[in-house]
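Two complexes, one shared chain (chain A), two partners (chain B, chain C).
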Partner chain A sequence: MEELQRITVEPLKTWKKAKELRQKIYENYVKTKETGGLRIAGMTIHPAALIQAFGRDVVFLGSEPYCAGVANWTEFAIQCQEACEKRGVARDLCGYMKNYWGGILIDKFMFPNHKIVPWPKPDLFFNDHFCCSHGKWYQYAAELEGGVPHFGIDISYRQGRNLTEDSIDYVVTQATDGIEWIEKHTGRKFDDELFIEYAMNEFNTNAFWAQAYLLNQAVPAPMEEKSFYSYFFFNMTSPQLKEVTDLFRELRDELQDRVNRGIGAIGMEKLRILTDGPPTWAMLNILRFAEREYGAVIVASFYTSHWGASWDMDESGNFVAPKPPKKEDFASGSREDRLRKYFRWKSRRSSSAAPFIDNPDKLDMTVKMAKQWKCGAAFLHLNRGCEGVSLGIMENKYLLQRAGIPVLTYEGNMGDARDFDVSGTITKIRLFFENIGLKKLSKN
Partner chain B sequence: MTEKFQQWADNRHDYAREWKKKNGGKVVGYFCTYMPEEILYAADLLPVRIFGSHEPDISIVEPHIFGMYCPVCRGCLAEGLKGRYEYLNGIVLAQSCMHMRQAFWSWEMHIPIEYSHYMWMPHGIQVKGRYEYFRSELVLFKESLEKWIGKKISDDDLDRGIDICNTNCRLLRQIYEFRKQDNPPVTGEEAMEAVLSSQTCDKKEHNKVLKGFLKKLPNRKLDRDQGTRLMIIGSEDDDREFTKMIEQGLSLPATLVIEEHCVGTRYFWNDVVPEKDRLMAIGRRYLDRIPCPSKDWPERLRFPHILNLIKEYKVEGVILMQQKFCDPHETDIPPLTKLLKENGIPTYFVELDTTVALGQFRTRLEAFLETLTMELL
Partner chain C sequence: MKLGIDIGAENTKVAIVKNGDVLSLVSVGTGSEQYAAVEKGIKQALEKIDKSKKDIKQIKVTGVGKKAIPDITKEEVNEISAAAKGALFFFPSSRVVIDVGAEEARAARIDSEGKIKDFAVNEKCAAGAGSFVEAMAKALEIPVEELSKIALESKKKTPMNAQCAIFAESEVVSLIHAGFTKADISKAIHDAVADRIAGMARRAGIEKDVVVIGGVAKNIGFIDALKRALNMDILVCANPEYVGAIGAAISE
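Showing the complex of A and B:
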C-alpha cells in the first residue's frame, strides 16, 4: 500500500460556537413570539437584511437548511415524508418541501439537538422564487397552516453576466412592494438604519465566507466539505446577524492559521474532490468513508461555496472574494438607492441563483472551480429530492470529464433517506477509486 | 372535416420542411407556450412547438438530462438529438419550468443551431414591476431577432403578428364554445388536433381551415353517444392516443368536453389587447393568461378558472393527468383534488410517462366511468 506523509489534524476551534449559534437561531425562532417578536419563514437566499430591518426580534426560518436538518434525522424525516404521502403528495416532489409540509401535518418541529416541540406557525411567509417549487411550497404551506400571509419576490430575473438595470428595477420594485406589505401585515415600520446595519453585516459575512473558502485551495486543505455544511448554514439562514459575521471572520482567521501551520482537514490527503449540490443528508458517513479509507477529501463545492453567498471573478476567471462597500458609500442616497446597491450585490455573476437562471455559466464556473481548488475528481449527487440542483448535472459531468476530471455520479435524495442505497454507493465509490488508480490507505 | 388538423398533427416535420421550401423562410422551435409567437410571426418566421414523439426508447437523452426530469422535456431533447428537427434554424425559450430550461440548454450545447435565445420571462406573474420587466426582455428578444434576420421589426409587423395570433385564439375559442353543448359537434380528440396543429403549422393557413370548420359546426351532428362529460386537467398533454382511447376505446361512452393544460385552453384563452406600445401589449397577454402552476403564486389564479370551466362546460368528471416528475403540477394536485371534492366533482388521477400504458388506463378509466354512471343513476 502507498505510504504518504501524515498530515497533522486538529478539531476546528470555531466548531462549538457554530453548533451553539445554530441551536440558538432555531430556539429564537420558536421563542420570539413569547416576547412579541415576529416569525417569518421562507426560502433562503432571501433579502435577509431587508427582513431584519423590521426589528431585532424578527427571526427568519430559512426552510431549506431546517429541512436538511430534518433529513439528517432519518426517523423523524420519514414521519414527515409519510404524512405528506398520506395527503396525496407525490413521492418525487422536492424532498425539503415534504419535510416542511410534513412537520406542519404532524405538528412537530425539531431542533438540531433533536428536541421536538409543537410546530411554530410563522406570522408571514416571505420567499424568493427561482426554482419551480419555492413559490408553490409556501403557497401550500400557507393553506396547511390555515392561512398565513404569503409574499413572493421573483428573483428569476436576468442576473450575473447578463444583469441589466431593468433587472435591478424589477427586483427593487418588488422589494419596495414587499416592504409595504410587511408594514401592512405587521404594523411595523421598515427601519432604514437597521437595514444599513444588517446589510453591511451581510456583505461582510459573504466576504469572510469567500475568503475562508478560498483558503481551501491550499494543500493540504484546512477544512473538508462535511464541516463546511455546518457553517454555510448561516449563509443561508442568517447572514445579516453580527454573530454570523463574527463567526465567519473567526473561521477565516482559523483556516488561515491552519494553512500557515500545515494543518489539514484529514490525516492523509491523496485525492481532492469537487462536489456540487446537497448530499443525502442522512448518509454523510459516506464522506468519512472516502476520507478514512482512501484519503479522498471533498475540498470544494459550488453548493457550499455559493449558496447564500456572493463572489467575484477576476479577469483571469478565478474566483475571488467580493469587496464589501464602505458603510458611508452604501448608506448614502435614498432608500431606493440602497436597495439597488443591495440587490446589485446579490445579483452578481457568481451567486446562488446562477445554477437555475444561467445554467451554462454555472457549468463553466464549476469546471473553473475544480481547477482552482486543484481537484482530481468530482462526485456528483443525482439528487432525486431536488430538480433545481440537478439542473444541468449530466452536462456538468460531461464538461468536467472533458476537462480531464474523472466523475462519479450516484443517486440519492437530499430529503429522503429511503431513496439512498448506502452499500451500493460505497461499492460505486470503491470501484470509481479503483478505476482512477487510487489505492486504499495503509492501516499504518 | 378535421382531417387537415389531423394531417398537420401527424406530419409536423414534413409540414415545416415544405413551408421552408415554399416560403424560403426560417423555422424557430420553442419549448413552452409562454413564448410570444406574435413577435416571431412579425419577423416572418415560422414558430413551431417542439414535441416529443412518445417513442419508448429515449435513452439518447440519458447523458444529458437526469432521469428524474419529466418525460416531456426528455422527449423534446430526444427528438432534437435524433435529428428529427434538423430543419430548425433557431430555438427559443421563454423562461418557464426547470425541465424545459434543461432541454433548451442541452439542445443549445449539443445540437448545431443558427440562432438561440433564452428569454428571462418573469415567474412573478402577480408581482409589481412584472410588465415593465417583461417588456424589457421582449425588447432584447426583438433586437436579437432583428440582428439575426437582418431587418427591423416594425410596429406594423408586430400588428400583423398580433392579428395572426389573436385570430387563431379567437377562432379556437369559438370552436370550443360548441363543446359546451349537449352532444357537442366536436370531440376532444378533434379539439386536441386543432390546438396541436396550431402549434406546429403556420397560423395563417391554420386560421383559414379553422374558419371553414367553424362554418360547418352549427349543422354538424356526430354519430356517437356523448356519454359522460369529462375534463382533462394537466400539464403538457399531446397524447392523442390517450384522448382517442377515452372517447372511442372504453366500454362506456365518454366525451372530453374541455381541458385545462397547455396543449389546450391555457394556450389560447386570452388575446393581445391592442395598445400603442405593442411589446407591452404582448407582454400583458402572456403575464395575464391562465398561468402554468410554476408561475401561479402566491394567489391561486388557476383554480377559480378550472371551477369556471367545469361549470360552463357541464363537466361530470375530471381526469387529472400528471406528467411524472412535473413538480409544479404535482404541487397543485393535493389542493386541487381537495377543491374538486369540496365542489362535488368526481376526480380520477393518472400519471403519465414517455409512453402511456393504454391497456391499464383503459381498465382504470372504465372503472371510473362506471362509478360515475352508477352515481348518476
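Showing the complex of A and C:
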C-alpha cells in the first residue's frame, strides 16, 4: 500500500444544468409535434445547423447518444435487443442500431430519467452515411416506422492532410440536394439567417469543447472521462443550440477554475489513462473501479476529443483549439460559400471518420494525444458492437507500446451488455495494473 | 520451505519448494468449497514429505480463487506473474508463457526476470480452454486422454469453424454423422482450440521460447496442434498443471 497526497474533489457545478438540458432536449423531441414542430432523426455527425435552419421548432434526435443511454439501462436495452432478435435481426449488428430498432418494435422511448413514453415517430430521417451500418440503419428504421422519408449524405470528410477540395465539393453538393429534399417534404424553406446563427453556435460549441478538453492536460486532471461522456451528449446531438454553446463555455470556465485551484477528478491520481472509442455503456463502473481501487483515471480519449470537438495542430504538432470564424466572414458570400465553410469546419471534427477512412491518421493522433495528456497507460476497447471503431485497435496498441505506453485491450460491446464479461474485465484490469507495478490505494 | 497454492476453477494445486527443489506436489478438486480444498491440499502435500505446517516459512496463493483463503494467507501473486516465475523456474529461456486451464487461457510475453511485457486473456468463451476439450470428449464418448492421443493418428485437415463450445458440440455431432473418424474429429477439435489460443498469444506477441503450462499442456494432441498453429517448437515441463503453484511458492 502506498501513501499519496489526497487531492481535493468537488462535484461539477455545471452538471445540474447539463442534466436538465439533456432531459429538455429529449422532451422537446417528443413534444414538438404538439405545437406543429418537426422531428428529424439521424446520425450524430450530422449537419446540425443545416437541419435547424428549417425552423426553431425543428428538433433533431441524435440516435447514437440516445442508444448509448438505452445501453446504460441494461434492463430496457435487453427488451429492445430481444425484440430485434425476435424480428430476425442478427445479434452481431451494430449495438446502437438494435437499441433503436428495438424501441420502434416495442413502441417504447426512454428519457434520460428512465421515464418511458410511446415511441415518437420522426417526420424525416436525415442522415450522414458515416459507415455502412449507419447507411442501412435509417433505411430499415423507415420501413419499421411504416414509411418515413429518408435522405442520406455520403461523407467523404477527410481530416488534416487528407482533406481535399473535391471531398468538400462532394459533401456540399449532396447537402444542397438535401436542402431541396427537406423543402419538398416539409413545405418549409431553408432560412439562411437561421443557418448562420446556428452554425456560429455550432462552431463555438466545438471550440469550447476543445478548450475544455485541453484543460484536462493539467495534473491533477479536473474531470474524468465518465463525466466527459455525459457532457459529450450535447456536442453529438445539439451542438447548434445556444443553450449548449453557453453550457460548454461555462464548463470550460469551471474546469479552468478547478485547474487554478488544484481541484481533481478523483481523490488520488496515480495513473493517467488514455482510451479510444465508445465504451461498454452498461458497464461504466469499471472506470470507477480503476479510480477507486488504484487511483487510475481516464483523462482523455480519441472518442470524446475528436468526435466532440474541432482541432488544429500548432507548429510543434500539439493539439490546439481552433478559432471559430467571425460571423461576418462566415455570413459573407452565397449559400454555397457558407455550406463550404461549414463543412470545411466540420471536416476538422470528423477526424472521427478516420477509423473508417484513414487509419494512419488515427494511429498518429492517438500517440500524440497520449503524450500531450501525459498518459502513463491506455485502455483500448475491442468493441464487438461497432466494427468501424474497432478497426486498427491492435495497430494502435502496438504503436502505443512502442512509444513506451502500456496498453490493456478488453472486449465489450458499446450497445449490448450481453457481450461484456464484467468480472473477467475487472480481473484483467487488476492484472494489468499489477503487472505495470501500480499498487492498490490504501483504504485509509 | 515455501508453499505455493494455485486455486483454479477445477483443481487446486499445492507445491512445496525448498532451495530450488520441488519437494511435494498435490492436486485436489476445487469444488464449491475453496477453503476446504486448500486445507486438504496443504495437508496432503505436507504428509507426502512427512512435514508439518510449522516447517513452512512462506505461503503464497494465486489463481482465480486466491481471495478465498485470507485466514491461510493474504500474500497473493497474480496469475500471470506466477505463471511467468514458474515457467522461468523450469525453462530460463522462456519468453512467452501460455497458460491453458479448465476455464481460462492466458498468454504473457516476459523478460528474463519474469517481468511482464504484455499479456492477453481469452475473452468470454470456453472454446479456448480445457473444459471445451472435455465437452468434446464427452460428445465423442471417449476419455480426454484418448481424445488427445488419437488426434495424432489423423493426417487430415478437417475444418471446424466453431468459436463457441456449444456450437462446436453440434458441429462434432455433424462430423460424426458425416462419417469422419474419431481421430479426424479429434484433430479438428484440437486444431480449433490451438487456433484460438495462438490468436490470443499473438496479441501478447510471440518470441522464443514458448512454454505452455496448465492442465491442458498435458494434452499431446493440443500441443501438436499448437506447434503447427504457431509454426514453432513449444516447451512443456513434466507437471505443467503445477507451474502456477510453483511460481507462487518461489515469488518474493
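Points to keep in mind about this one:
Everything below uses one rule, namely that the second predicted complex is superposed on the first by the 436 of 444 C-alpha atoms of A that agree within 3 Å, B and C clash if a C-alpha of one lies under 4 Å from a C-alpha of the other, contacts with A are read in each partner's own complex, and residues count from 1 in each chain.
Following the convention adopted for this analysis, a residue touches a chain if its C-beta (ideal position, glycine included) is under 8 Å from a C-beta of that chain, and two chains touch if they have at least 3 such contacts.
On a predicted model such as this, the values are computed, not experimentally measured, just so you know.
In the superposition on chain A, A:401 makes contact with chain C only, not with chain B. When the two complexes are overlaid on their common chain A, residue A:87 makes contact with chain B while staying clear of chain C.
Once the two complexes are laid over each other on the shared chain, residue contacts for A:169 go to chain B alone; chain C is not touched.
In the superposition on chain A, contact is made by A:435 with chain C only, not with chain B.
In the superposition on chain A, A:390 contacts chain B only, with no contact to chain C. Residue by residue along chain A, chain B and chain C are tallied for touches, and B comes out ahead. Looking at the shared chain after the overlay, A:421 reaches chain C, while chain B stays out of its contact range.
On chain A, the patch touched by chain B and the patch touched by chain C overlap at residues 382, 394.
By the touch criterion given at the top, residues 62-69, 95, 97-99, 101-102, 105-106, 108-109, 120, 122-124, 126-130, 132-133, 136-137, 293-298, 300, 322, 324-325, 327-328, 330-335, 337 of chain B touch chain A in their complex. Of all residues in chain A, those touching chain C in their complex are 382, 394, 401, 406-407, 409-411, 419-421, 424, 427-428, 430-432, 434-435.
Those residues of chain C lying in contact with chain A across their complex are 64, 78-81, 116, 118-121, 123-124, 203. Across the interface of their complex, chain B is touched by residues 87-90, 92-94, 97, 125, 129-133, 135-140, 142-143, 150-154, 156-158, 162, 164, 166-167, 169-170, 173-174, 176-177, 356-357, 359-360, 382, 384, 387-388, 390-395, 398 of chain A.
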